[in-house]
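So, here come the structures, one by one.
Paired with chain B in one complex and with chain C in the other, chain A is shared by the two complexes that follow.
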Partner chain A sequence: MYVAVKGGEAAIDAAHDWLAEERRGPTDIAELTLGQIKGQMSLAIARVMAEGSLYDPDLAALAIKQARGDLIEAIFLIRAYRTTLPRFGASHPVETGDMACDRRISATFKDLPGGQVLGPTFDYTHRLLDFKLAADGALAARDVAEDVAEAAPDTAPEPMPRVTEFLNAEGLIEPEVDPGEAPGDLTRAPLELPASRALRLQSLTRADEGFLLGMAYSTQRGYARNHAFVGELRIGTVPVEMDIPELGFAIEIGEITLTECETVNQFRGSETAPPQFTRGYGLVFGQTERKAISMALVDRALRWKELDEDDLGAPAQDEEFVLYHADNIQATGFLEHIKLPHYVDFQSETELLRRLRQAFAAAPIQAEAAE
Partner chain B sequence: MDRKTWLSILAKADTAELSALWDALALAPAFSWLRRPQIGAVMVQGRAGGTGAAFNLGEMTVTRCTLQLENGPVGVGYVQGRDAAKAEIAALADALLQTAAAQAILDGLIEPLRAKAQARKAGRAAKADATRVDFFTLVRGEDG
Partner chain C sequence: MTEYNFAYLDEDTKRMIRRAILKGLAIPGYQVPFASREMPMPYGWGTGGVQVTASILTPMDRLKVIDQGADDTTNAVSIRRFFQRTADVATTEHTAEASVIQTRHRIPEERLGAGQVLVYQVPIPEPLRFLEPSEVETRRMHALEDYGLMHVKLYEDIAQHGQIATAYAYPVKVSGRYVMDPSPIPKFDNPKLKMGAIQLFGAGREQRIYALPPFTQVVSLDFEDHPFDPSKADHPCALCGAEDSYLDEIITDDRGGRMFVCSDTDYCTTRREGDTA
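Up next is the complex of A and B:
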């Protein structure tokens, strides 16, 4: 148990001064601006917004700068800040079907309405270090915008219907119907188990990317294998609409970038229902593709009860294990607290150990006999 | 244009563009605050599977305020992010759009903001379009 301690103020102040100095780094090198972080470390921004559970790129940039690039520390700062904000309300659910897509791919259909759009992806790069980026005044990248803007002026974007809709039309996949219930909110009430799918999704979308990736990977390797295909992955912007009480109608209060992944998984059927594909779902703030795919796989694994599947004892099926260990701020808070003074605890343990050793030394014969 | 449309354009506007256009209008209408700018959060919701049960995705920052022009209409500002000045401009514009000055605000502020947003969107759509691919499936050797 942590017990409050006194003293050390001067040392703590000096430590914080040094921290500020180390954060700044060599002063003969220009200081990072928030605009640079926001513009050039945009995937770090996305991760901090997703796991900090607050969409605000400027704040995420500030948090990353202050945290010296430690993203979990940055997420911690964002989580702490968001608790200070009054809640104005909840938005309407975002319409991801109408997303203005930067990227939209399907691993299940090669020819799909709206087409396959790669977007700014690392896929198909050779993963070789590009030393041109290390050189001052790196070569300017080909300006795609100017090339194509002239070629295709004012063409209305082709609609991109959901892949699951095609399968739905044939009845090949389980439908996803809105029961019209207000979702629970784990920022307002402690997470209790068993959790509704809405609460599981909220927990997963803000979960640690590494933890979720490991869990998702375990399902691929055979722990509760559910054979996921990426039916569709889309990244782009959607408007956020909210009812404004003083106006009496809804307006768009902003626009956010999201990554959505829908997986198509192996079927289930019963005596009363014909076999159908099942679904997993991932939706995450920002361009966060690895996280969204991981989320969809873990969501699907956690649905075993509602799909009447067997409990295979796999970690990814264990709601308590996944949901109670997925939050990196809870995890790091508890983990890191053990480095804080535990002197009283430790002292009592030491005294107990000394007594046990004294007892042992006083009775060597019994100890030998016991062997 | 209806009020919902202009309020949505104002909410999503780029702060620098909004300020520059507003300053160029050189308006300084007298007003009183009904609610001073306040920074808060809105819980954004998504749906399982895109169409199913709603769930809480995470919050976004929003700044809001309400003001009243002298002997005039009430303006409401709800804008994305943490920016009191942006919310104030939005609320002033909303109020003025309900007055005789409406056309000037539409021409000098709302339409240019919409055009800029549309151009940005078209630019991104064109970039995305340049990465559109056709995948061909090849016969695999082992299948003959």
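Up next is the complex of A and C:
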């Protein structure tokens, strides 16, 4: 006698216990602390904060630990937490021109006010496994603190004006105009199309890094090519200010690390506009260089309509395609849900297929005769 | 962070969702955009249904959750537990006792009536999506009641297969106006869509809610010479003998052995208990 499968509840509990054990790993090895994750996996923290849309390195560290290092799972934990938080208001726009930069490079000018600052970059490392790290984590012979002291002897940091401002002064690049309207909030109102550029950028900055990278790469390979120069890439901290109604003025409530990328792109000009460089813009939480550059390229590709360019039918130009598929929490959820039970739909498909095959077997000649 | 609001969502969010539900009830079959929230379960696991249920639950409600017709499938268990934990509501496996039933892929066999709400989890709310991938375009088609593409698709099915080759998520027309996706229920369930209970459809990832007020006219799309056929496996249930219920096929061995049993576990169990009593 067949007995229907029961025991979902017991199975779920057992699975959760096992998961907790796997997360902890071998108990003869010390457990990871949140401080270690935050301090030593800082780029993972940056990604989780950026795509989780929540600037909180401690919570990001907790999420990474709980997710066993699966960053998309960690992002999901952060999003699910974030959505329960009340929204008190909005800060003043941050002024990235005044950023305290750890890194600031331009690919368009050899030297510029404020200078080129490499900062902590992988760019010119040789990707050779450093077996010394496997032995012990001690820093190499050079002392970073000394380096920094040498490079910047007690002088106030030189201001670093934006590269696009130089081009702007000459009229060589399109001016960035303030549309004058408060941007919508993607997390509080359903995305409806066509979306404003502000909303598009909001969506891109929390988009999956891999998806955005692929999209941006496709534009470089000819799918809506718009040849981007990295006018400027800067990484550093900016203060966040907010109006406090009880006080009647704005106060600084904290500092966040941001990565900003401004690209300078080609533009032939149109009947109404003289030839001018155009812009793509990327701004992402944390040190997230690859993502910020990708974002700028995709932003530029999505602007084809307002710049009166041709629709080349490229994926990166298709607002609906990009915005509806960029969110990894939506994507991974829908993708993975196909492992949930689908007995009922599958059964109905099976019945239909059996019936179609019966009909086919009964009258195979008919189809030929009809031709 | 241990304390959550009743049924998890904050009251402002619930109000926003209730407004979408009311709009949906006022325009049966119309997909109302709503600001779907990230839920603590993944998109695809029923976040739309969960948000709708969370918004309508009251402490007096009695909740039933089914997946594939069964109360004991893992995701049904998980969602039921979620509401037990966050809303502390009474739960039941008996269709007749439930005031709110959240379902995935089935309509219970037992007739639903006044005082009951059936909440569907919807993966893709747009019935035209696989004919036209663009949302901008499909919204325009609904606005203009431009459903020619759907009829052509059904016609092509008949030309190619001799019948309409859609077995689940079979499209319906609501109150003679909107073409609607009834969610991936088997077409066997379509005739039950006209019922005494309120039906609410929630699609979380796609940010849409739609609704059917009680006894709304719901017509499965067909042609005069190829009328709609709500078919199912041609067997009685091997456990309770029911001939009127939708059946799951169970593989019993590796030599082709199989049996057919009710997918609605409460219906099957109640019938069997009735036999022994």
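In this section, the second predicted complex is superposed on the first by the 334 of 371 C-alpha atoms of A that agree within 3 Å, B and C clash if a C-alpha of one lies under 4 Å from a C-alpha of the other, contacts with A are read in each partner's own complex, and residues count from 1 in each chain.
Keep this in mind: a residue touches a chain if its C-beta (ideal position, glycine included) is under 8 Å from a C-beta of that chain, and two chains touch if they have at least 3 such contacts.
Every value quoted in this text rests on a predicted model; they were computed, and no experiment measured them.
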Combined model on chain A: chain C and chain B, fit or clash: fit
First (chain B), second (chain C), both or neither touched by A:L312: neither
Partner chain(s) touched by A:E192 [first = chain B, second = chain C, both, neither]: second
First (chain B), second (chain C), both or neither touched by A:L19: neither
Contacts of A:A169 with chain B and chain C, given as first, second, both or neither: neither
Chain A as apex of chain B and chain C, Cα-centre angle in degrees (nearest 10): 110
Touched partner set for A:Q330, first chain B, second chain C, both or neither: second
Partner chain(s) touched by A:A359 [first = chain B, second = chain C, both, neither]: second
Which superposed partner A:Y281 touches (first chain B, second chain C, both, neither): first
Partner, of chain C and chain B, that touches more residues belonging to chain A: B
Which of chain B and chain C A:R82 touches, first, second, both or neither: both
Where chain B and chain C come nearest after superposition, their Cα distance in Å: 9
On chain A, the residue positions that both chain B and chain C contact, one per complex: 82, 86, 187
Interface residues, chain B side, partner chain A - complex: 3-4, 7-8, 11-12, 38-62, 64, 66, 76, 78-82, 121-137
Chain C contact footprint on chain A (complex, rising order): 2, 4-9, 11-12, 76, 79-84, 86, 187-194, 320, 324, 329-330, 332-338, 340-345, 347-352, 355-356, 359
Chain A - residues contacting chain B, complex: 49-50, 53-56, 58-59, 82, 85-94, 96-97, 100-103, 110-111, 115-121, 144-145, 147-149, 151-152, 154-155, 157, 162, 164, 176-179, 181-187, 196-199, 201-202, 205-206, 239-240, 242, 244, 246-247, 249-256, 258, 260, 262, 279, 281, 283, 285
Touch list for chain C against partner chain A, complex: 1, 4, 8, 10, 33-40, 42-45, 47, 67-70, 72-78, 81, 105-106, 123, 134-136, 161-163, 165, 167-169, 184-188, 205, 207, 231-233, 238-239, 246-250, 252, 259, 261, 263, 265, 268
